[in-house]
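Structures follow.
Look at the two complexes coming up: subunit A is in both, with subunit B in one and subunit C in the other.
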Partner chain A sequence: MSTTAAPGVPARLLRAAPWVALVVVLVVLPQVLQPYWVNRVTGWIPLAIAALGLNLLTGYNGQISVGHGALYGLGAYATALVVNEWDWPFLAAIAVGAVVCFGAGVVIGLPALRIKGLYLALVTLAVATLFPQLVEQFSDTTGGTTGLAVTSLQEYRGRMRERSVKFEPPEWTGLAADQWRYYLFLALAAVCFVIVANIVSSRVGRSLVAIRDNEVAAEVSGVNVAATKVFTFGISAALAGVGGGLLALYNARVSSGSFTLAVSLYFLVAVVLGGPATTLGPALGAVLYGLFKDVVEAEVLPEAWKPASPLLLGALLVVTVLVAPGGIVGTTRQVRARFTARRLRGTTPP
Partner chain B sequence: MHRPLTVRLAALLAATTLVVTACGRDDGTDSATTDDTTETTTADDGSGGEAAAFINPDEDCDDYQGTAGIEGTTIKIGTVRPAAGPYAIYDKVTAGLDAFVTATNNKGGVKAGDGKTYTLELVKEDDAYDPAQTPAKVQKLVEQDGVFAIVGQIGTANNLAVRETLNDACVPSIALATGSTEWGKADEFPWFIGGLPSYATEAVAFLDWLKTDQPAAKIALLYQDDDFGKAYQAAIAKYVEGTEMTIAAEQAFNPLNETSPESKVADLASSGADVFFVGIGGAPCPAALRSVPASWTPLTYVSITCASKTAMSLAQGKDEGVYSTQATMDPASTEDQADERVQAFIADAGAAGMAQADIEGGVTTAGWNFGAIFVRALELAPTVDRATVMNTLYSMEGENFGMLRPEVQVNTDGAEDPWLIEDLRIIKRVGGQWTKVADSVSYDGQSNDLAG
Partner chain C sequence: MSQFLQFLFIGLGNGAVYAMIGMGLVAIYRATGLLNFAQGEMAMFATFFVWTLDDVGLPLWLAVIGGMVGGGVVGALTYQVVVRPVGDPHQKPLAVVIVTVGLFLAFNALAQLIWGTDQRPLDPLFGTGELQLGSTYIAWQKLGALAVLGIEAALFYVLFMKTKLGLSMRAVASNPESSGLCGVPVSRILLFGWALASAVGAVAGAFMAPNSAVDANLMQVPLIFAFAAITLGGFDSFVGAVVGGLAIGVLTDVVPKYVGFVEKMPTAPAFLAILVVLLIRPQGLFGSTRVVRV
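On to the complex of A and B.
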């Protein structure tokens, strides 16, 4: 055993090295960035979690949804209302948002059993389009276009008043508020990623892929197609709800304008850019999207070019699909596999 | 075989995390807004004169950075506006503010109350009139660009989206380009002060005038479906209570997902109302006037935010006979052009690079005046720091500056009277120009009470 283990350890370490580097970068980031940039990066995390959920549904299970912006919004409003009305802790409020979205996902997932492909995309498109209208319809509760502040009772100028929620770091951490919020968001994102990684590598995960590749074959092989598809929709929606809940707490405000159809499309952009059917892909896609919005659009593009930024984003997407159809992660894997194959061919004795 | 490696990795990560978090952030990486080196820093606590009790940064702020945004003798200010889309007309407001900053600097700067002369620098951001985009833009201005104050930010919902953030950071937002009644809550949000009259006061000024001729007016109300429009709705509802006036019909117009108010106007036209109150802004406001059918001839009133030559020119002639209210001079009016301050505005704005159409457009005048509000506060403030400037704004007595009409008197008194502009006159559109139909009426100190 010891003779085979020795050469294996460095190889595993080599494989683990990028992950270790990634974790170190994520942990160190708020220590070296200015608060403004820590806040920007924190704002990418809700998008990454929602994209992770969409990837489970679209990337792994093959069900197309352009309605995740609505589920993201549902999670945001549920979290905001729970914090405002019941004064629950943030984590509990996010959990409520996730449960509500799971239910909504199951409800949308049931008709999806009979609707597939482009038709399913159209149905979810309707959900995404209707959501802001619904929010405005019930503006007494949701705040409509003006929005709803996420508040808690705090002392200010000698009186207790309803004021925007804050992330106050415990004194022992020695962290600033922006750093504390970043680590909390990152921790929750890590939990979501571990859950998805476990689902994907489990029997359920294999069922998801089997259904995507050939539904009939999967059913013949004993996969409960209906239950798996509905469950996937539910989990995917719950993750979008978690992302939405974090967004509500991040902005301390929710408004209908934050959950338009465009948001659903940004999730798709993140999935496609990062790499569909990969665990890390959506997060990378979200980071790329965040970099585009907060660095390229906000800092690099001249004022006159800024209105054309959606066009640039679209062009970037087209180029990615043409050059790297597997997204960043998928294409990296393909390239690495090609190099490995070439190396193995080179070392094979004649 | 796998476990030891996993454990070692976990230990490594945990150790890294602990070391890093224990280190904390270097002081050098703190917010760019920290500025302790400026020459103009005078040991102050914002206790500027008699209004010192209103904002006391020692009590109200966790981390008060009173002179952030002042570098040497330059004061950096920021603003957020829609640069494109149906509300891009408000970009002209910012153009007016921009021209004011240039004109002020062309004249050598502002001689502040501390005896020093400062130049101004304006940083502009675009939120497309979408309140969901505003927080990131304002964060950039405050944390990245390190502005001293936000001046003339456009949009009620947009300002609401950042009100608490700015208040908690003790960053002034001065001369908000909105008259929502929300800005009357100065006790709760003392770092915000409006630059327009309250929409409630505006509506009441019109209804007070209307009452003399049409005491039983039937009003058709078109209002913007946000706090801007709802301020009109609430104030009118409160006013008509107990009078013979009635709201015959009302329609909400959503600025974010509706492009034309035509169907709403058609519905209001069928109500039989004899007064049409247009409580919406941007390009949809003149579009509402264009949509009035020939068969409906009500007395029409447009929001003060719409009463510019630029907006009225988009009504394609349907602006004739329309009423509004006014507190500032009108550079497009031949009568006002004889006034010295209008002549100075035309010369200074022209020298600052403003096009003639914009000079006479009226929208730019609003932005120009927002700049004037900020500069007047600097001139009066005994020391130039954020709290003192705000306290100065909240303790003005009989001030008249910028493009305000000569009869307008600016009086404020902390949370008791946080409104800068409360004197309004009624005007009517005749032959492509605004003409006075009633003298200015002062609602000094009443704006908060008039809100619905």
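On to the complex of A and C.
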């Protein structure tokens, strides 16, 4: 970070430029897109938040979880039940979901202190397959495979009734319902994003990476390995829960079919494609996955080829790991660093 | 009591299948130090070969052998094209998990693409008859599964302990670099290991399928049971896979019959078994302890 006064300013502006551009694009997007596409893009945000959480755990901390779909589901059901039973405001319901998932994350994180690497992946895989069965087991509360409609008390034809949740924009905004929902989701995602960026750049963030790279060395250097790992698992789970809560409100319905093992795998896809251990990587990965699902699979692929879409994803995943293990963000950085090095070599005398 | 015996044999019969998948997992783990998350999907793929051959009119046992050959080829190709380039799983566990997850998605989708999403019925290898012992009825299919497991375990024992190929496989598993220097063709041995593991999957699938039907999701839950089995038995022990498989089979089929709370959660006992074993005795019953040097 250069802190010199006058000449530093343009450089700083230059560095801020892509971020400003990103924010502008995200804000303008719902104004130019058709409502159908605004809804689709809004649907990618829950996945992006969950991927953000998984990235904190797997990318930065090196604890492999194949079970975040279960935490996503837990957050979704917690949020749905709070909205249904207590009629709490959405944000409060999502907060409850996040807290529940934080607790669940800590519970899974405690055994993860002894179970590492491939074995942790194994345990979380079992969690992922167990979750839909758990929903079935308690189908009285959860609605099982049929699902559970997420409803709130709303005025309808002059009377208060339980109806599917809706995001009504306040008068002063002048926004359509789909745009309003997009902005709410985006704002929440931005908050999560800033929280994670701050964690990563803090002392805790450095201990996360230290633990991933060499646990013993980290411990010797004074990092409280156990506390850090459990905390990371909790935060990561809470983020997955926030994503799940948003998904429940987005669909106005939760069902066991939305939280199968495949969902956990798609989070991993998003993280790995976008770039593990990078700030924007998982969001980028989630967008790519969304584009893949809603554009390539829904619009481009012919009907007979639809089942092939996970095949393409799987192939993409394998190729990414083999060819560009840094994902999109990591690989871009590498390429840019190489160009810079070449340029510098050209200009400065050896 | 007779009812309990009946449940017990259903459990043992299913456990034999988990043990077969588990033996495939152990073969790959011992050779490459990798937990293959795509093992179940590869077995499902091989089971579709069995179904196809059976469908064109071959006798079932011949179809199973054909499925084993097909599965073996798929396993060998997978190793050669995808797994080998990734490198050492101990160094990069994340990359390896991601690759096998990618394979999981790919095989599942590929099977749906080739064979569609219909449920394909497959006849039991040992027919639908039952053996009557007093008031207990035991399906021949379950006894057959146990017998086949016994044969398979014996063949594995002979292969690993009594042949030069097996000796090479054990050498590669214990130290790939040194065995390479001694002239063992490491890559080819690993290729064979993958082919073997995948071929065994065809047999497991052929026993699993008559319980429901052949479809792309056939092996997802059995894979969890197989993982539980090798966790219990020890990741690098074939004896462990057999004992663990039978134990998990009994646990998952008998417990839910008597404990109402978990009736809709078939994988719950397996999950608890995995968790408890990894926490209390991570090397499992028969596995070897791994010492990590700092």
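Assume the second predicted complex is superposed on the first by the 339 of 350 C-alpha atoms of A that agree within 3 Å, B and C clash if a C-alpha of one lies under 4 Å from a C-alpha of the other, contacts with A are read in each partner's own complex, and residues count from 1 in each chain.
In this text, a contact is a pair of C-beta atoms (placed from the backbone, for glycine too) under 8 Å apart; a residue touches a chain by one contact, two chains touch by 3 or more.
Note that the structure is predicted; figures quoted are calculated from it, not measured.
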Touching partner for A:W86 - first (subunit B), second (subunit C), both, neither: neither
First (subunit B), second (subunit C), both or neither touched by A:V23: first
Touched partner set for A:N251, first subunit B, second subunit C, both or neither: first
Partner chain in contact with A:P307 - subunit B first, subunit C second, else both or neither: both
Which of subunit B and subunit C A:T146 touches, first, second, both or neither: first
Partner chain(s) touched by A:E136 [first = subunit B, second = subunit C, both, neither]: both
Touching partner for A:F339 - first (subunit B), second (subunit C), both, neither: neither
Where subunit A meets both subunit C and subunit B, residue numbers: 133, 136, 139, 307
Parts of subunit C lying in touch with subunit A, wherever the complex brings them together: 34-35, 37, 82, 85-86, 89, 93-99, 101-110, 112-113, 117, 220-221, 224, 227-228, 231, 261-268, 270-271, 274-275, 278-279, 282, 294
Residues of subunit B defined as touching subunit A within the complex: 1-2, 5, 9, 12-13, 16-17, 20-25, 29-32, 59-60, 83-84, 126, 130-132, 135-136, 139-140, 143-144, 156-157, 160-161, 164-165, 168, 187-188, 190, 225-227, 254-257
List of subunit A residues in touch with subunit C within their complex: 58, 62, 64, 66, 111, 114-115, 117-119, 121-123, 125-127, 129-130, 133-134, 136-137, 139, 216, 261-262, 265, 268-269, 272, 276, 305, 307-318, 321-322, 325
Subunit B contact footprint on subunit A (complex, rising order): 1, 5, 8-9, 12-13, 16, 20, 23-24, 27-28, 30-36, 39-40, 43, 132-133, 136, 139, 144-147, 149, 156-157, 161, 163-164, 166, 173-176, 179, 183, 251-253, 255-258, 294, 298, 303, 306-307
